[in-house]
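The letters A, B, C, D and E name the chains in turn, as written, and every chain counts its residues from 1.
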Amino acid sequence: MDALSSIGWALDGVLASILLWLAWRTLSSPALFRAVVLFIAFGLVLALVWARLYAVDVALAEVAIGAGVTGALLLSALARLEPPMGRGRRGDKDDQEF
Amino acid sequence: MIPLFDTSVPPDAVLPPDAVLPLLVLASSLVPGLVIFFLGEERVRTRTLLNLGGALTKLALVGWMFRGVYEGQRYEARLPLLDGLDLVLRVGSLSLLFLVLSAGLWLVTTVYAVGYLERSPNRSRFFGFFSLCVTATVGVAMSGNLLTFILFFELLTLTTYPLVVHRGTEAARRAGLAYLAHTVFAGVMLLAGTVWLYTLTGTLTFAPRGFVSEIADTHRGPLIAIFALLIAGVGVKAALVPLHGWLPLAMVAPAPVSALLHAVAVVKAGAFGIVLIVYDVFGVEQAAELGLTGPLAAVAAVTIIYGSLRALFQDDLKRRLAFSTVSQVSYIVLGVAIVGPLASVGGIVHLVHQGIMKITLFFCAGNLAETLGIHKVSEMNGVGRRMPWTMGAFSIAALGMIGVPPIAGFVSKWYLGLGALEAGVHWPLYVLTLSSLLNAAYFLPILHAAWFCEPTTQWPAAGSGTGTENGKPIGDSGRWLRPETGWLLLLPPLVTAALSLLIGLFASSPFSPLEWSLLIAEREFHYP
Amino acid sequence: MTPPGYRQGDGRNAGGQAETAAGARARGQIPSWARASIALLLLALFGGLALAVLSLSSPAPGLSEAVAARIGESGVSHPVTAVLLNFRAYDTLLELVVLVVAMIGAWSVGTARGCGGDTPGPLLRHLPRLLAPLMVLAAGYLLWAGAHSPGGAFQAGSLLGGVGILLCLSGRPLPDGLLGWPLRLAAMLGVIVFAALGAGVAALPGGSPLGWPPDAAKALILSIELAAMLSIGFILAALFAGGRP
Amino acid sequence: MTQPVFWALVGMALVVIGLYGLIVHAHLLRKILALNVISSGVFLVFIALARRAPRDGAAISPGPDPVPQAMVLTGIVVAVAATGLAVALIVRLRAMTGRTTLGDEADN
Amino acid sequence: MALAPSSIEWALAVVFLPLAGALLCFLAPRRAAALGLTIAALTAASTLGLTLEVVVAGTQRTVLGGWGAPLGIVWLADGLSVTLMAMTAAVGVAVSVYAAAYFRDEHTERAFFWPLWLLLWTALNALFLSADLFNLYVTLELMGFAAASLTALGGSAAAVSGAIRYLLVSVLGSLFYLLGVALIYHACGTVDIALVAACIGDAPRPAVQAAVGVMFAGLMLKTALFPFHFWLPPAHGSAPAPVSAVLSALVVKASFYLLLRLWIDVLGGGGRWLAELLGLLGAAAVIWGSVLALRQERLKLLIAYSTVAQIGYFFMAFPLALAGDSAAWTGALYLALAHGLAKAAMFLTAGNLMRFGGHDRIAELDRAVHRLPLTLTAFTLAGVSIMGLPPSGGFIGKWLMLEAAFRQERFGLAVVMLLGGALAAAYVFKVVGHAFTPAVRSRRERKIPAAMEWSALLLAVVAILLGLTLPMIWPLLQIGGPAAALSAAGAATGAVA
């Protein structure tokens, strides 16, 4: 195994760990606002992964749509779902999971 | 183009002349029925015209076919339905017997119903289903295979349900529920048996000696199970014990409906179904060989005795008649199950005899209820003086049921007894004797009370307005011109009572039900 | 507005709050053993899926060669764009229809109540003025680039959508004249152009549905992409606004 | 293990994590997030596996098979459409009932 | 353009006509009803044209874009797909006529119903035509979105929540399906159904099994097979009547159709364990759905649970077909067709009753059924088909399936089918029984346009008459041979087993 591929593997490993961690936190963090922000971060990391897999088109689309538009959509939804005060920064009470 | 099924009828013969008559017989009640649904409630004249026109047309058509069948003509219409399985309408001598019965009694019942239901609500609905019900019955009569039989048998269920619940009372709804529960169970059994049979034999066409003999050796067990399923399927309508529960409950229906259920349509269709299953599906010898007729005869015997016993303890007149039906219909089953030419003649002829006698009884019970408000046996003291014609008819029919010669019922019992002796079994004789005694025990007190006891209540005089809406006030003419109740209510039982006397008296003349049954035994069952 | 007969649903609103509390209590407590068993089941699922992945043979079958072999006839040189807008153009057409459905669905639910609801802060009020032109430019570039390198209608469209979202956030109302059919037409434009051209070429001699003639392919694809980009951008912004105007 | 297989496994893991989130969370927005995570996982599987060694003798191209890429692009757009529609419905539900969860019957 | 349209033009028309119609309706909401009706008629006519084309000339393949498989997408119109498209057209026309009257006074609903409904029709026809696994994914999503949006048109909180639930389930199901497609693509290098079928035997088994597993799971979820039926009653029970009709009659069938396609065309009818599992779930669905239907107090929920039960029947054909009994498939398809027509009719009648009386509580329906004899007749006739009484389409389907069950001596399945019929009778009569009580005239009654009564009645009558058309439909189903190929494949499996 040459150095290049070891670096590659290391990069892959780190990216994958971040990705999985973000996914997990997105679905488990108690505050919805934070969850959405984490999801946007998840989309950005995923875009890096796409780039790493040489799928540049998908990477572009992921940044623009997956992270960008979806994130904006979710944030605006959150603004309408949660009471205006606090903007979801407090623990969302409807989400009883934690 | 894609090829259609290979039907056994070549395309140019899809509607041969022979096929037209059975279809017309169906249409003669189907079309009036459908038209009546769309008629306004108040168009009495049109509706009556349609009803009677349909009934008369049907009778004429059946008469035409009667001649044809006697001369050896067969009528058949078919429509491909499944792969290799058609809907078949076929008229042979056996179907014709049932056809004549239902067409004839339909006419009478229609007249009666027109009189009975005057001014009551929902008449269009009633007569519409009434006609459809008869359509289903003649369909059952003409079915040429088990599939067609199921079709009309289920149609019968669907069209009689609205009649049973017609009054819309809580009791009617409960009766309808019981009726449905029983018939749905029956339908499931029937369908199961039929499909299973079809997978074994590959055919469902009724044949003179049945169509199961080829697999009788290889599939004994399944055949026995199938027989049980099929008999359970039709046995509900034939009110075999323990499947009879719905029949006494269904007495809440209006009198013409009871008449129809008991004498023409439902119960008869069930009994006819048993005849078909034993003779034309299994073949009576084959059924006997499989050991199936013995249990069937036992069930019939139990039903006969049980029905009579229960009838004994009913005070409600219609319920007593209902249990009497339970008992009497199983004579037909008994005749079939005894296995022998004379017994089968007795069973088949009882199909007609019981129908005519029982319809008379129900007409009379309806007249009593409608004219005088009598519903119970205990209220009938002296009613013979107030309604002599009605009670006269009632008496003839009741005596016939007991088996007093020369009324029709005697002929049936005579042949049943002879058939049992011919088949070399004795126990049916005991059953018949016991049942006749029981019949006498529950009918004779009624006759005694009606004719020989003093009236305990004061009834309104004839023609003076009866308290119900149905007795037609006629005015103050002479006594003989002033009927005890409406003409439309009185004539039907008189006609049927006379008929039951006549077919007993002239049992051996040509075209009597008895002679025709002998012809059936010869032609369809290949008895000598 | 609501058809009669559906009002019993509204009847529930009165008890909505109470029900929410009770319902949430009931739902909030998925017992831990249930969670554990769900997790176990999912772990088993993962095992099965992993096995499936591992079983795939390594000389991979695929369509790279087929795409490479026929890309010359497709009118574009970037393989992904060739697949999207020529080889499997029908998928892309339906995908645009999916967007349209989503938008109509969102519109049918209710009216848009602005974006975010509050008065925009100074940043949001001025940012679009700077960003919007840049983003439109970038979108144009991506669209153009899509023919030979990564990029294309979707990416460009989503950038346009971003512009729309920013404008929306900045609280700029749409001119009233645009609110009726022009708005709807803008959303439909991609599908209309795509479908009309796709059906139209079928009528050419020897043509098939969505079969671009090779010499016209590039122009056709570009015009479709242009229309699609506008529609995508518009629809994404409309979805963000969350209802009919 | 090769890089494609590695990433495909990561994709499968995302699918499973998303499913778990979808099942245990009641809040509808969370369910949407979960669905998006699942779809990302599916896309990852789709694309990653396309980078396995191509058939013998084929010219090795730097990018993966373009067909899955095009399909995933389609998928991403579909996913955002789903999110948009779902968000509109959820906002509506919230406006009508004050709820942001599915009430009534057993939750999925 | 040639005078007689070719099969390509018919196929193009059945997909692109409703699409164009939807766009037009959306652009001109004021004329939506008239436009929609016209388009519905035209689409139905094109469907008929395509069907005739298939009848005369056999399976029709349309190569989209001229590339052909594996690079491009192919449309395939064989007997199975045109039959389902024809059912869609029949239900579609009736529902369109009904909806024109139903939504006449509701401006917003009308404006959105028509485009969404025509898009749904587009999706259905596209799904039935497609022979490409990935393209099918897109059509599935299209269908799901349109169906969810239509559900929400009911406007009530129940409708919106039903729509959300349905949307989530639909998206999840599609994602599962897509995961399967991904695995298949990487195992076979193609998504064309015919090519996949050719390669699936040599592909690595775990991958194929996992792919089939997730695809079937996803589609079962979308078809609402027990125990994945939880989403169906809330959605179908709260949508507007014409929408419920379409959802129950068509949308559920589409994902079942896809399952069947995969089973027949991709797996060649094999897979004993999967088949037995599906059969078991189907049997459970029949019992569970019927019992729950019987226990409902609201008419629309009763009908919805009845759908859950009827779906079970379709799946009971899987184990029965293993032995190469083509009657089982024909039976299941027949049941599907009959159920489509009958169930649509039932939901339309439920709409009439609700419009008339303002509610759909079964116990208080007597007034409404009393005053709407045509509606009651339609309901009863549809019920006859659902119960499986002769000579309805439902009877033929049930008969064929029973035949297969008895022939293979699978008495357990036969008993479930029969029991399901009896339970169906019970829940149908639970409603019909209310027609025969003495009723008082209601104060709240609204007039029902004739179009709403007659469209339901006609559908029900067609469901009954369908029973008489087996000699025509049986050969049609054989075209392109899904059933025929299957019986051959099944026979091979049966011989091995």
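Simple rule for what comes next: contacts are C-beta pairs under 8 Å (C-beta built on N, C-alpha and C of every residue); 3 or more make two chains touch, one makes a residue touch a chain.
Everything numeric here is computed off the predicted structure, so don't read it as measured data.
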Ask   = Quick one: which chains contact subunit A and subunit E both?
value = C, D
Query = Chains in contact with subunit D and with subunit E: which ones?
reply = C
Centroid comparison with subunit D (C-alpha atoms), farthest chain = B
Query = Considering C-E alongside A-C, which chain pair is linked by more C-beta pairs in contact?
reply = C-E
Ask   = Of all the chains, which has the CA centre nearest the overall CA centre?
value = E
Remark   = Rounded to the nearest Å, the gap between Cα centres of subunit C and subunit D is 14
Request  = Could you grab the centroid distance between subunit B and subunit E? Build each centroid from C-alpha atoms only and quote it in angstrom.
outcome  = 43
Remark   = Per the C-alpha means, the centres of subunit B and subunit D lie apart by a whole-Å value of 68
Query = Using the touch rule from the top of the page, what residues of subunit E touch 2 or more other chains?
reply = 134, 138, 141, 145, 148-149, 152, 157-158, 160, 179, 183, 185-186
Task = Give me the residues of subunit C that touch two or more other chains.
result = 10, 12-13, 16, 20, 24, 27-28, 49, 53-54, 56, 60-63, 67, 80, 87-88, 91, 95, 98, 101-102, 105-106, 109, 154, 236, 239-240, 242
Inquiry  = Two or more other chains touching the same residue: where does that happen in subunit B?
reply    = none
Pairs of chains, among all present, that meet the touch criterion = A-C, A-D, B-E, C-D, C-E, D-E
Remark   = Given the complex, residues on subunit C that touch subunit E span 1-10, 12-13, 16, 48-49, 51-57, 60-63, 66-67, 70, 86-91, 94-95, 97-98, 100-102, 104-109, 181, 184-185, 188, 191-192, 195, 199, 202-203, 207-212
Task = Would you tell me which residues of subunit E are touching subunit C in their complex?
result = 1, 8-9, 12, 16, 19-20, 23, 26-28, 62-67, 70-73, 102-103, 106, 108-109, 112, 115-116, 119, 122, 126, 134-135, 138-139, 141-142, 145-146, 148-149, 152-160, 179, 183, 185-190, 199, 204-207, 209-211, 213-214, 238, 240, 351, 354-355, 358-360, 446
Message = If we count contacts the way the header does, which residues on subunit D are in touch with subunit A in the complex?
response = 3, 6-7, 10, 13-14, 17-18, 20-21, 24-27, 29-30, 32-34, 36-37, 40, 43-44, 47-48, 51, 62-64, 69, 72-73, 76-77, 79-80, 83-84, 87, 90-91, 94, 99-101
Key: Footprint of subunit E on subunit B - complex, ascending   = 1-5, 7, 37, 79-83, 87, 121, 125, 147, 150-151, 154, 158, 161-162, 165-166, 168-169, 172-173, 176-177, 180, 184-185, 187-188, 191-192, 195-196, 198-199
Ask   = Okay, in this complex, where on subunit A does subunit C touch?
value = 56-57, 59-61, 64-65, 68-69, 72-73, 76-77, 79-80, 84, 94, 96-97
